[in-house]
Amino acid sequence: MQVNENKEFRPRIVAFCCNWCSYVGADLAGSSRMEYPADVKIIRVPCSCRVNPMFILRAFERGADGVILCGCHPGDCHYSTGNYYARRRMTMLFSMLDYLGIEKERTRVEWVSAAEGAKFAATMNEFIDTVKNLGENRKLRDLRCKE
Amino acid sequence: MQRIVDKINELFANGTVDRVLGWKVGEFSYDRTPYVFTKEGGLDGFAYDSFCANNLSKYLIAESRKEGKVLVLLKPCDTYSYNQLVAENRIKTENVYTVSIPCKGKVDVEKLKAMGMTGITDIVENGEELTVTTLYGDEKVNRCDVLCEKCLACQKTAKECDEAIEGEAYEKPHKDRFATVEELEAMSPEERFAFWRKELSKCIRCNACRNVCPACSYIKCVFDNDNSGIASKANTDEFQENMFHIIRAFHVAGRCTDCGECSRVCPQGIPLHLLNRKFIKEINELYGEYQAGDNTESRGPLTSFTKEDCEPSIVYEKGGK
Amino acid sequence: MSLSINYKAEAENILKISGVNPKKCMKCGKCSGACPAYDSMEYHPHQFVSMVQDGDLEKLMKSDAVFKCLSCFACIERCPRSVAPGKLVEAVRLAVIRKQGMNRLKPEDIPCMLEEELPQQAIVSAFRKYSK
Amino acid sequence: MTYSYYPGCTLKTKAKDLDLYARKSAEALGVTLEEIEEWQCCGGVYPQAKDEIATKLSSVRTLNSAKEKGQDLITVCSACHHVLKRVNNDMKTDEDICLRANNYLQLDEEYKGETNVIHYLEMLRDVVGFDKIKEKVVNPLTGKKIAAYYGCLLLRPSSEMMFDNAENPTIIEEFIKAIGGTPVVYPFRNECCGGYITLEDKELASKNSNKVLASAEGKGAEMVITACPLCMYNLQNNGTEHDLPVVYFTEILAEALGVK
Amino acid sequence: MQRIGVFVCWCGSNIAATVDVAAVAEAAKLEPAVAFATDYQYMCSESGQSMIKDAVKEHNLTGIVIASCSPRMHETTFRKTAQAAGLNPYMVEIANLREQCSWVHKNKEEATEKAIVLMRTAVAKLTLNQPLIAGESSVTKRALVIGGGIAGIQTALDIADAGYEVDIVEKKPTIGGKMAQLDKTFPTLDCAACILTPKMVDVATNDKITIYSYSEVEEVKGFVGNFTAKIRRKARYVDEELCTGCGACTEKCPSKKNPNEFNMGLDNRTAIYIPFAQAVPKVPVIDAKNCIKFKTGKCGLCATVCPSNAIKYDQEDTFVEENYGAIVVATGFNPIKLDEFGELGYGQIPDVITSLEYERLMNAAGPTKGHVLRPSDGKKPKKIVFVQCVGSRGQSCREKGYCSKICCMYTAKHAILTKDHYPEMDVDVFYIDVRTPGKNYDEFYRRAVEEYDVNYIKGQVGKIYEENGKVMVQGSDMLGNKQLTVEADLVVLATAIEPDETARSIGTMLTASMDTNDFFTEAHAKLRPVESPTAGIYLSGVCQGPKDVPETVSQAGAAASKVIGLLAKDKLVGNPCVAGSNPLLCNGCGQCANVCPYGAISYVEEEVRGPGVREVRRYAVVNEAVCQGCGACTVTCPSGAMDLKGFTNRQIMAEVDAICK
């Protein structure tokens, strides 16, 4: 549904939220009526460690302009250790994206607890601003340009 | 080489091993093909010289599942791949007899060709000098000028094997294995993007890198798995086209021993090892020095953690410009 | 001539060259409980930690305490938080004697200190501790 | 068993006994000490500050000489041992110090803390073995009540010196037993005598020395032994309230081995 | 092809005011897999739910998407609705249009646009949903308690009280643990033995409780509801059945000079001994290392005097194997060793002792019959110095990084009891901080200062040494800004506590996670404090972190109630969203087991059959009863063989695609 052709750039943002902390934090942002742009769409996963780098790459490839992963704070993981693995995996993935020349600011990890509705909303606002400034993500969609 | 042959014959004779995984002279005089020699068949065509670059460890996945004991010749760098494969339960060690052999770096014939030598019919190795016979005459080159990329930065010493055959002292080239990675890191994102775009666009998705990689030792991997959401073999979906190499590098991160085979076999000359080395460098810097295949017990850096690990945002802080 | 010293910058430098992180201190006083020169020092090991942290350096730099430390490492050895107050004392002392004209020990002082038994080690080390 | 040997300045002047008997005893025990050529003074005090580089260079030269000879480095003087061991540790573990020291020195090959620094006592314990020494003793100091004075520099900081338990050391007591004496364990054996401060504040040095000697005397010691010329001087000349003889450990070792 | 129904909820005006719900329902109808779509005021209401049920039947739906509030609100409700309509409850997906759309956005156009995307995303995921059936497993109605201190005793009593069988495994010859060694308990100062020993007797006489004393757990297999444990019963050389506990053997034993562990080595015991008078079981044990019969073959006096022929020199270790539904860890603590703290003189100066030793000195049943007499010469001290935080709160390698929690209070207790018995005695306490959170705790400490005249000195001790028969305590007085040297007759060190040395191996055996200090970690620091993250493993007492007696007892009760809650079930219904490995794809590399926090993954070497495949392979198997469904394994799997039901790779990819479309 194309709303308005001339409107400003509206980024597509995919947010992965763990079921136990960040998804609840996002709900809390909602029940506290804290505003953030509608560009963010949340995918619920059991734990930040469920997020496969493939999902993030897939999102970019399909046209996402930014991907953010939210999980419980380190030490508070519902599954005790999940976010520690996620932290290493994402660090590796992000550094590789950076290495390939893709703006690292399009990817982000943020730890949001179930009580941090405000942090969730603030993070989303901030992230969307960052991505907006970067503009549309072209690089990842056609990294392998066929000659 | 003679000592290797003697050792094999000795082990054949006393019944220690039934087969030998080694190299055989191939179609061209400088071709060396991995080959399984049997006690019965003897060592006809066996060779070990500057052209035996193949890492044989991966062949053990299949060979060690066969009956009888197989002797494998492992260059220092290959011993790491072997350990890593053992750590991942890919090799039935009870059927394997490992022999570490000396290595003075292997010659990359492609480099000779790049020097303008075409129509090569024969290459004779004489100490540090190679005599290349081509259809257009003989040329001499220094061996050290045409070593494989992977050998230029190799500082590996052989890990423990059932038997070790020592060679003469060899001064390894001292190329810093992270030098090129650092050069790339120093570039602007645009330059880096341009670099990789140029390189990766050459990929014909022949899967040679994957087939040769000892860390890609899986019977099936995500690319063969219909349920992974990204399965494919050829250029059917843009996704793995774009991301095949990133995912491959990610899957071998923490497991890659930096054997360099991927780049060596790439028919398009894509410097794939630079992806792996980037991960190795990051792992070393962020989580402490780690050498995959150093032993068969330790957990890989991506299947372990410390509570004090850095946050992914470190990439913003330290990453390139 | 009075020296104008930027004590804040001085404190930062002292933390840097000593490698001490005063935030690790839990103010247990074990360093001062262990110090064999305690009574000769105007400011005591645990005070060095908090005073450097607070940037309260003027008093320390003007005090004789920095010259009374025996460099015996008892505070470093026994500190339960690995703070190493002794390293701070040394760094403050360095900050003092590195200033122009602030050498505590001068060559001309030596002759009158000499005695038959005195090993030159005593003089060498005194120069290292008290002069730059 | 051949070692590089670093006597240090004081052992060439006021502490000749410490040096002489160290050499004689080593010979008697079948250990060869090769004095490093053209060694320089270690400076006597380990500079703790991270930006002190020049003051560490003379030690690095010594350490590098031992490295070039491919030998472990033996010291006797506690202060020299402390300085050399810790500078070596810096060269091994502190990249910045290592880099800057090497920049100054321009050695043929960078020095990165390769040399193993061991104290004479460690050599006696770990290489010769106290049991072996016991066998070689010809004049056992039977019945002699000897107090070991460790001081600070051999023991602390234990994370770097790794000499013995810093709070309850036993190596010199074991040594005393090996030469037939009776070790006297007293609480101030690892407390500072105030040696470094002897020029600056004689009163404080004297107070601490007297405390150490009182503690030893209180436990019935007839003699105090030490490995440090500065402690020796300080205990003898500033510990004036007590009459306890202070002797270098090498001297009584030589005596016990019959090479004095 | 799925036939999906989409139900868009207005939530009154909560959603409908910001989202054009009708437009969402219309958009849903355009999705190929959607067979029916509608909107309604309150989907969760009775009529809303029957509308869903009717639609499922009428349109032959295979799954439903509810576009409504957060799944955390009503996912369970709608799963039940689906089940009532004859669908598998896991054929339900929720699109969160309220908390994550209408409530956070104001612009109706944008919110509607997003709502449509969220609806499509849910449809895309549901298209790939598979009916899931939660596994069930049986529950063995018996609990194992490892450790027989106050924590283990209380847990066992509470579980037994609910009618379930409990076994206590205690490695020492008697139950009772550390509390049995204590004199009085703070802040009420009631006698520890008076409140503990009746409980020990209760345990002994409770026919639901079996005590395996002088025994250790050797091996544990299985999972929640179905554990099997192998227990080693160490040879005590005395037949527990025959022995009457008369004590004749201990009286006659000629080997009398063995340090008495119960009294912290402050006196001696015989080689055959009962640890203390109220021991349970009251059966002696022979300390074979010091027994003359065992050392020389001669003696045998105890066997001669035993009236019931209970002495069995040829006894050997035996093993018991038992099944349990739940396991409680109650392995407790020990004071740390003070060998590395030479500056404090422990071990060198006889009159420097630990707090636990002081407990024994004060105890009427202790080595000095409750008189405080110093170990060196048996004289009554005139001045006692207590030193707090010995080995706690440190960062260097010899110290523990944590606060041992109990020392402030027991030191205050020691000080009060000392002054109470001997008002003329001088008591100093060196402290860093006095930490007394707890009911009547700070009041207690203040009484020590104000009523009992205990001298609290803020500062730590730098050196303790002996001089002229006195123990000299050199420390700093931070408030007085001076260094003190106190002449004491006795020094008591408030020694840090650490988990028992067996904790680590038990943790490994149970795949229960532990922190770097070897304390067991709880499933959730706030909300599940007595459960280990490993299902079926519960934590009681200090094994989880430093605790005093009242805290231990309440945690023990809490652990028991969790166990009872588990044992009361006949069947355990698992979470069906668990991981599963496809043997045809799995390579058995072992990476997934490395990251599994629950030890749910094991490997088998079995024949694998599939199209063109028939060979023996090593592959991963997930124990669905143990798996909690975090998904860590799925990402680590390079072949994608490991997938998570309910959150499969393809499902998540489909969601990603739908959002990015």
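A few notes on this one:
Going in written order, the chains are labelled A, B, C, D and E, and every chain counts its residues from 1.
The rule is simple: contacts are C-beta pairs under 8 Å (C-beta built on N, C-alpha and C of every residue); 3 or more make two chains touch, one makes a residue touch a chain.
Predicted model, so just to flag it, every value in this text is computed and none were measured.
Shared contacts of chain D and chain E, meaning chains that touch the two of them, come down to C. Traced through touching neighbours, the fewest hops from chain B to chain C number 2. More C-beta pairs in contact connect the chains of A-B than those of the other pair, out of A-B and C-E.
The innermost chain, defined by the distance from its C-alpha mean to the mean of all protein C-alpha atoms, is E. Farthest from chain C, judged by the mean position of CA atoms in each chain, is B. When each chain is reduced to the average of its Cα atoms, D sits farthest from chain A. Separating the centre of chain B from that of chain E, both taken as means of CA atoms, is a distance of 47 Å.
Chain C and chain D have CA centres that are 24 Å apart. One finds 52 Å separating the Cα centroids of chain B and chain D.
In chain C, the positions touching at least two other chains are 74. With touch defined as above, residues shared between interfaces to two or more other chains in chain E number as follows: 343, 463, 595, 636, 649, 652-653. Among the residues of chain D, those touching two or more other chains are numbered 166-167, 191. Here the touching chains pair up as A-B, A-E, B-E, C-D, C-E, D-E. Interface residues of chain E facing chain A in the complex, by the touch rule stated above, are 27, 70-72, 96, 98-101, 103-107, 109-111, 113-114, 116-118, 121, 513, 521, 523-525, 533, 577, 595, 597, 628-632, 634-636, 644, 647, 649, 652-653, 655-657, 659-661. Within the complex formed with chain D, the residues of chain C that make contact are 16-19, 36-37, 40, 67-68, 70-74, 76-77, 86-87, 90-91, 94, 104-105, 113, 115, 117-126, 128-130.
Contact residues of chain B toward chain E in the complex are 87-90, 216-222, 224-225, 227-230, 251-252, 299-300, 302-304.
Within the complex, the chain A residues that touch chain E are 1, 3, 12, 14, 23-24, 26-31, 33-38, 41-47, 49-55, 58-59, 62-64, 76, 78-82, 85, 89, 121.
Put simply, chain E touches chain D in their complex at residues 340-343, 345, 347-348, 397, 463, 465-468, 472.
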